[in-house]
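Chains here go by letter, A, B, C and D, matching the order in which they are written, and residues are numbered from 1 within each.
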Amino acid sequence: MSVAYHANYFIWFEVGRSELLRSLGKTYRNLETTGLYLPVIEARCEFREPARYDDLLDIVTAGSLVSPVRIQFQYDIFRQTDKFHLATGLTVHASINPSGKPFRLPQDIQAVLA
Amino acid sequence: MSVAYHANYFIWFEVGRSELLRSLGKTYRNLETTGLYLPVIEARCEFREPARYDDLLDIVTAGSLVSPVRIQFQYDIFRQTDKFHLATGLTVHASINPSGKPFRLPQDIQAVLA
Amino acid sequence: MSVAYHANYFIWFEVGRSELLRSLGKTYRNLETTGLYLPVIEARCEFREPARYDDLLDIVTAGSLVSPVRIQFQYDIFRQTDKFHLATGLTVHASINPSGKPFRLPQDIQAVLA
Amino acid sequence: MSVAYHANYFIWFEVGRSELLRSLGKTYRNLETTGLYLPVIEARCEFREPARYDDLLDIVTAGSLVSPVRIQFQYDIFRQTDKFHLATGLTVHASINPSGKPFRLPQDIQAVLA
């Protein structure tokens, strides 16, 4: 019970990118209100050392523009106590409208991620 | 609520490899009893089309030996009704003992995965 | 890692009620197509004995009509190998339309659950 | 995708009790080091209003001693923006040793929770 389940890292990545967007003044809910969705089309993680129960973690997230309709986020997870690097990963997201068609990212998001 | 959460695919992958091992007469619990652990050290998924609530899915799993202390599993997820290919992924596992040291996979598992 | 996480039992309960509905010729997706949603408004579980990794489980599910706009499902989880009773639980569901207003359950579902 | 999955509330409850213990100078890991385990033996939640994607939530947690070998935690989840009360729940925990036998809670924890 003391080691974090590997699928959970992808949940932590989501926390990382949500907070990154929030720090840019955007939230997923904002974006969805404007008809923009960012489904995950690819996800990867390399697990270097397990996170354990009660570990406090830092999630360092960076976003970059792959194209006007595609974003990639990179994530690094560190244990707070000793800054040990536990895992690294990425997710790639399509930018689509509610019908699933490609939807150009707004200029302000493109500018920040470029 | 109608689209499966992306982290869940990694849970389905785990179901796939558990059942693959079971079909070979092994279970994780058996292996752990012999002191062999197979933690995930890398995981990837490409999401082609979302699984939706109530979809019945087929998980096709294949395992291959990377080295005497490393296994890779590949997964393909299909929707049962129309055989549509929803996702493809892989996980890489180290074979270790309870102290975390590399542990050579038993010959019978190596033979099957070779 | 060898004991199932307690929140997972509620996922298994969902599998139980989905399959119960499916056996009645209904699926959540069918119901949602007719504008009927069944959100969980209460959930409970008593854990008697832990499920362990690789345990094959039976989920016995029963549904009953609380009112024309409310359903309760009961669940019992058994280990397949020895029929040991691992857990018991329930969920209560409101029947609502997409605006969140009470929506009378269709007569055929009421008849089956009555 | 915009409404939180009901099983997740039990994960948030766990965050609440972990942080409550941490604020008392204890962590699960500390306790387990002393041979004390606190498995969930009962869990309940009433869902009043759904949490939505990107909602920031407050989890208010209180613990009480049921007996020298049993703890109950109560949880209330509020949406930060408007303090709306989204859910209320509880978990009951047995205090056991690694063999699963009842293990009296340490006096300092009993004192705090009494």
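Miscellaneous remarks
The rule is short, and it goes like this: a contact is a pair of C-beta atoms (placed from the backbone, for glycine too) under 8 Å apart; a residue touches a chain by one contact, two chains touch by 3 or more.
This one's a predicted model, so the numbers in the text were calculated from it and none came from an experiment.
Judged by contacting C-beta pairs, the busier of the interfaces A-B and B-C is A-B. Where chain A touches chain D, the two copies mostly use the same residue numbers: shared numbers make up over half of all numbers in play.
Averaged Cα coordinates give chain A a centre that lies 24 Å from the centre of chain B.
One simple way to say how far apart two chains are is to compare their mean CA positions; for chain B and chain C this gives 28 Å. Listed for chain B are no residues, as none touches two or more other chains. Looking at the complex, you find that chain A touches chain D at residues 2, 18, 22, 27-29, 32, 52-54.
Residues of chain A that touch chain B in their complex: 6-8, 10-11, 14, 39-48, 50.
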